[in-house]
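Same chain, two partners: chain A is paired with chain B first, then with chain C.
Entry: the complex of A and B
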């Protein structure tokens, strides 16, 4: 059926918004977790892998865009607490620098966008079902 | 007063055999092949939806929206097949009820 392409677009949108929500949840979860000394703090982010293969350049690949989660290095927030076992030699503990306001707005935004994708999918489904009623009116 | 005679009705081809040509070319699939392949597609999509629902129930790493989309796709194709069947049955009954 010709609606398969729109189904695929809806599926991509739903998957991407779910990954954004997952990334924001992970970032909030690690906001107060000290990172190991000498290692950069890492935060999650949802990205889209644009396939760069030859098929994609020719426009032949079906699944060119695949959303996924990647860990990116983030700046740290240093707190002096010499009693923490994760403290470095200066007594400083490093936490990932998470912008909680931004993460919360990402949560809300991703949830609303997920709802919008579901609404678009339901509209398409309703149209496809209504198209089967053509000519069947008595 | 003269009345012009009615011309005789000529039914020219009543004794001849029917020599109609087929609408489809020799390479085209027959109607039953077309219906068969469409039913095969429908069966594939139903099996796909069933497999994804089973995978979700078994706790595999399948996202819920994929399962719902697969089930909706199978549902739409099934409705389409049912409508096609209704039209075919209607046409068949119209032909069988025809008064000759």
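Entry: the complex of A and C
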């Protein structure tokens, strides 16, 4: 594994953790936003496309794994409030069912993992720069 | 110029351009509609690979023709299909890796010149 590959791994980790944080933040933000009647509630999730394309199988793709945010259908939470403009014909308003405990732990977990990735990146950077001193006698 | 020096020269230009493009991306981070730019080094890397495989074919000046302005012309929008907004952490990481590459290359270059000086003068 070359130094560049380790840098790339750290940068992948940074991007993925940032997307997890973004997804959790977005889910918390929409927790009390009603969804349109007749449409499924949607929550965000960070996924990695592990790539089953032709060039990935051949090992030719240089950017095989690219993390991205996708919206997944989520169960809804129904509240009776006939005065809400988003209520359906039975007077029920649907909110996405957000598990706040899970989202908050994802938030904290992603933040810690992000810090760990930054630390790993800086450690590797320091090692790479220190390796230049090999044999220089200082 | 010999192949190693020429290769290091090209690689120095490449890491400098990476740092420049990353700096431009960071500078434009709040410009609405700006999309991340990246340099495309495939042609330069192909030339380097070819030179490493067949050193006899490198006398035609194609490696020397890879000037900074030629490399500069390969800068393009990173993600042509989708929206690619600037990601600050990614750009800073790009800047840092380019920095590490540049420092390694300058160290190698100066050691190489020290070797040449030793050969010429008998002392370093």
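As a convention for this text, the second predicted complex is superposed on the first by the 135 of 138 C-alpha atoms of A that agree within 3 Å, B and C clash if a C-alpha of one lies under 4 Å from a C-alpha of the other, contacts with A are read in each partner's own complex, and residues count from 1 in each chain.
One rule holds in what follows: contacts are C-beta pairs under 8 Å (C-beta built on N, C-alpha and C of every residue); 3 or more make two chains touch, one makes a residue touch a chain.
As the structure is a prediction and not an experimental result, all values here were calculated from the model.
Three-chain overlay on chain A, with chain B and chain C in a clash.
By the document's definition of touching, both partners, chain B and chain C, reach A:18.
When both complexes are overlaid on chain A, the residue A:101 reaches neither chain B nor chain C. Look at A:10: by the touch rule set out above, it reaches both chain B and chain C. Remark: of the candidate stretches 41-49, 59-67 or 113-121 in chain C, the one overlapping chain B after superposition on chain A is 113-121.
Across the superposed pair, chain B and chain C both touch chain A at residues 3-4, 7, 10-11, 14-15, 18, 121, 125, 128-129, 132. Residues 63, 65-66, 69, 72-73, 76-77, 79-80, 83, 86 of chain B are the ones that touch chain A when the two sit in their complex.
Of all residues in chain C, those touching chain A in their complex are 87, 89-90, 93, 96-97, 100, 103-104, 107.
Across the complex, chain B is touched by residues 1, 3-4, 7, 10-11, 14-15, 18, 121, 125, 128-129, 132, 136 of chain A. Contact residues on chain A toward chain C in their complex (touch as defined above): 3-4, 7, 10-11, 14-15, 18, 121, 125, 128-129, 132.
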